[in-house]
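The following pair of complexes shares a single chain, subunit A, combined with subunit B in the former and subunit C in the latter.
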Partner chain A sequence: MIILHVDDDEGIRALTELAFSLGGHGTVRSAASGAEAISALEAGLRPDVILLDVMMPELDGPGVLTQIRKLHGHFETPVIFMTAQTQDHELSRLVALGSIGVIIKPFDPIELPGHVKGLLGDDVA
Partner chain B sequence: MTDPMAALRLQFIDRCRADLQEIRRLGERAETAEIGAIVHRLAGTAGSFGFPAISLAALEVDQKIRDSRVVSGTDMETLLALLGELSN
Partner chain C sequence: MSDGPVRHSKGLVLPDNEQERLEAVYALRLLDTAPEPRFDRITRLAATVFDAPTALVSLIDSERQWFKSRHGFDARETARDDAFCSRAMLLDAGSVMVVEDATQDPRFADNPYVTGKDHVRFYAGALLTTASGHNVGTLCIIDIASRRFSKRERGLLRQLGDLITEQLVLTTERLEAEEQRRFLELAESISHVGHWRRTLAGETNWSAEVYRIFGLPHQKAGAAVSTDLIHAAYTAEQRAGLDDFLAKALTTEGIGEFQTSITRPDGKLRQLVVSARYQLDKTGRVEGLFGVVQDVTDRHRASERVRRSEAQFRLLADHMGDVVTRLKLDGSSRYISPAIRGLLGYTPEEMEGRAAHAFLHHDDQSALLDTFARIAGGQRWAILQHRALHRDGHVVWVESTFKAVLDSEGRPAEVIAVIRDVSERHTLEQELRNARDKAEAASEAKTRFLANISHEVRTPLTSIIGFSKLLQAREGLGAVERQCADRISVSGQALLNVINDVLDYSKLEAGAMVLAAQPFEIRVLLRETAEILHGQIECKGLSYAEDVGKDVPKVLVGDSARLRQVLLNLTSNAIKFTDHGGVIVAVKSKASADGRGRIRVSVTDTGTGVEPEVVAKLFERFVQADESTTRRFGGTGLGLAISRQLIEMMGGAIGVQSVPGQGSVFWFEFPVEPDAAEVALP
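For the complex of A and B:
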């Protein structure tokens, strides 16, 4: 499984890479901003899932998702938002934007790969 | 066996030390937006590195800032005390 993880926090990017590499769950390509993520996709990266932080400077997660959906071949690429916001209305809004789910931060790094696979269902091995 | 997370956890603790100093510095200048950004980051990250109490305390402050509610001195002191414990 190839994961594109977009988060402006360097520590969380490193932790996510570790979480997936430890159990051989997948390969994480990290991006520090929405612009960096979009550049990677434009350059041909084809992730099985995109983990997208909601609150980022300049372009926030929902803004990044809007840009991703405009890219050729990424209209249906699964996107999972990651957020520290826990209010029901906020979580519903994020799903309504076209994500397949939301992971609440802080997340348990050991459980993260399983959580992502669970949201993907049968979409990925 | 070496804990593969240990190095990342130490980096996080170092960052908490810097955050504590930065929050105090910003507090003297009433830079609430910048403080809010640090608090939000702590809310979303500390628990992942094994420090859930910091995440909970930060989330309490973060939610009040977002809801435009009053952040009490106690709320902030609780967070700063936890950061201080971690930094020592």
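For the complex of A and C:
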């Protein structure tokens, strides 16, 4: 499984990479900003899922999602938001934007791959 | 109508103008009245002069001849058809009808008075004709022997007839005069106006109404009023005024009225208005005064009452702090109370008559005009808060209450407006609004700040907790390294709890917490809680037990996440404060007074217990059983306060029973929907 992870926090990028690589769950391609992620996709990256941080400088998560949907071939690429926001209305907004789910930070790295697979499975099914 | 003469029932020929003639007869008002000497003298004279046994004054109505005067005849009336006089009605005015021998006259030969015991042979009748030219009757003489009647005798009878006619005219005139007098008297008594006359010599005559006005017995008409009586009614001063007025009236036309009061013999005071006009004799010289006197006491009293009530209104309006105005329906003012000077700096005189909206802030003028239109259209009252302009230009906030005053037909006649200065209130309201806006902005800023802090803390915590978890999961970790990893993990988790508590509490305080209503299973909820706390229980070597009553429904409806938060808080507290023994979580179903079922969850421990004086404050924020516990066990002190608020939001209750040194029972109850058991899980 190829995962594109977009987060401006270096620690969380490293944690997510380890969470998938340690158990052999997949390969994480990390991007430190929305722009970097868009460039990677434009360069031909075809991830199975995109994990997208919400609060980022310059372009925030929802902004990145809008850009991704405009890219050729990525109209239906699954996106999961990752956020440190816990307000209910905020979570429903994120789902409404067209993501397949939201993962709240802090998350348990050991359970993360299973969680992501669960959301993807639900989506595919 | 036929072309020929109109005939009566027995073939009597009637005059062409019979209807008008009858009206003239009735207008005399003599029919069926008593005999009068003035007529009787003439019939007696006629009988004597002509040496006739019978002389009569007859009046002919529709059915009979009726005798106003009878000499030598007993009956008061006879039937019209047989009457000799009836025939005379067809003759011209001034005629005398003579029948010298009835037996030889074809008109009367078979008349019952001729053929019968009355034995009438001779008849001579002078026609009585009114000024309007209608024949009403005759003066006639009758004899039982036929006789000749010379031209001279006809002339004489005619002259006697004219005397009777004169009396008839007098009668009518007297009747009319009498009627006029009665009408005048009636009019005077209805209007309380009497009339009077006064000669140059000072002799005074009063009408009946003047006597009534003065409270004196009515004297005979035409009799002079005694000067003493008149003088007794007035004081010396009033009399002097009256004399002065009367003297002026003799020389001045249109002198007007004299107002005075009199005291009647019964002691009552009456208000009078006297007016007078001089009268001229035939030669054009002043011969006296004619005048009227009116009793205006009642009217005077009514206007006095109005004046007094108006004065009271003014007194009230003049001294009220609020401005009172009377406005016409076009908005212009009739009256403005002096308080206006304090409100707007104008005097009432400066504003009276001017349109009210001229003194309003431009933006509020249309609202005032609308209000007036509504009141003119029938609305009874209205309240308007608007800006008025002070003389010096500054804006004054006022509240005006408008009330329609209706006329006698229920239509709006004018508007009373009470204007109150609400500048101070308005300023206060504005300040209050500002303060509220500020507080709301501050609260919003706080919420935003907390959300940001939460985000900023959660981001590094994600790494701290996440990496320590990965480390803990490594096999072959040294004992010291593992202990370090555990410490980092627990501390990170504790810090996360602090942040969550603070966010929850701020959300509850702002009233922003929304509870979900989803089906859930309470047994699953208990299992999940136990799993989370499993490590802590094992670590302290405590026992843990669950006891769920059989009657507790499998599926309930509510906010399972928040219920788990409360249960987790109570259970982790129990573990935290218990060193020996264990914790029991029990769930029971119970019916509440309102018929709805309630679920009671209790967490029993064998821990340190809580001192009674602390129990009451335990669910307030930042309170822990012992100040030192914060240092010993950590925690924000918000947990129980949050739990209480969440449970109360659900309509439930939360509490504790505790024996220091033996343990505590923390419990909470929440209502369940009656049909909860039938709701299927999604």
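The rule we apply is simple: the second predicted complex is superposed on the first by the 121 of 125 C-alpha atoms of A that agree within 3 Å, B and C clash if a C-alpha of one lies under 4 Å from a C-alpha of the other, contacts with A are read in each partner's own complex, and residues count from 1 in each chain.
What we mean here is this: a residue touches a chain if its C-beta (ideal position, glycine included) is under 8 Å from a C-beta of that chain, and two chains touch if they have at least 3 such contacts.
Small disclaimer: the values here were computed from a predicted structure and weren't measured.
Enquirer: Could you say whether A:12 touches subunit B, subunit C, both of them, or neither, answering first, second, both or neither?
Expert: both
Enquirer: After lining up the shared chain so the two structures overlap, which partner does A:88 touch, if you call subunit B first and subunit C second: first, second, both or neither?
Expert: A:88: touches subunit C, not subunit B.
Enquirer: Who does A:60 touch here: subunit B (first), subunit C (second), both, or neither?
Expert: Neither partner.
Enquirer: Looking at the overlay, what does A:22 touch: subunit B (first), subunit C (second), both, or neither?
Expert: Both partners.
Enquirer: Could you pull out which residues of subunit A sit against subunit B in one structure and against subunit C in the other?
Expert: Touching subunit B and subunit C on subunit A: residues 9, 11-12, 14-15, 18, 22, 55, 84-86, 105-109.
Enquirer: Using the touch definition up top, name the residues of subunit A that touch subunit C in the complex.
Expert: Contact set of subunit A toward subunit C: 9, 11-12, 14-15, 18-19, 22, 55, 84-88, 105-110.
Enquirer: Tell me, which parts of subunit C touch subunit A in their complex?
Expert: 451, 454-455, 458-467, 469-470, 473, 492, 496, 500, 503, 514
Enquirer: With touch defined as at the start, can you tell me which subunit A residues reach subunit B in the complex?
Expert: Residues 9, 11-12, 14-15, 18, 22, 55, 83-86, 105-109.
Enquirer: Can you tell me which positions in subunit B touch subunit A when the two form their complex?
Expert: These residues of subunit B touch subunit A: 4-5, 8, 11-12, 15, 40-41, 43-49, 52, 55, 59, 62, 66.
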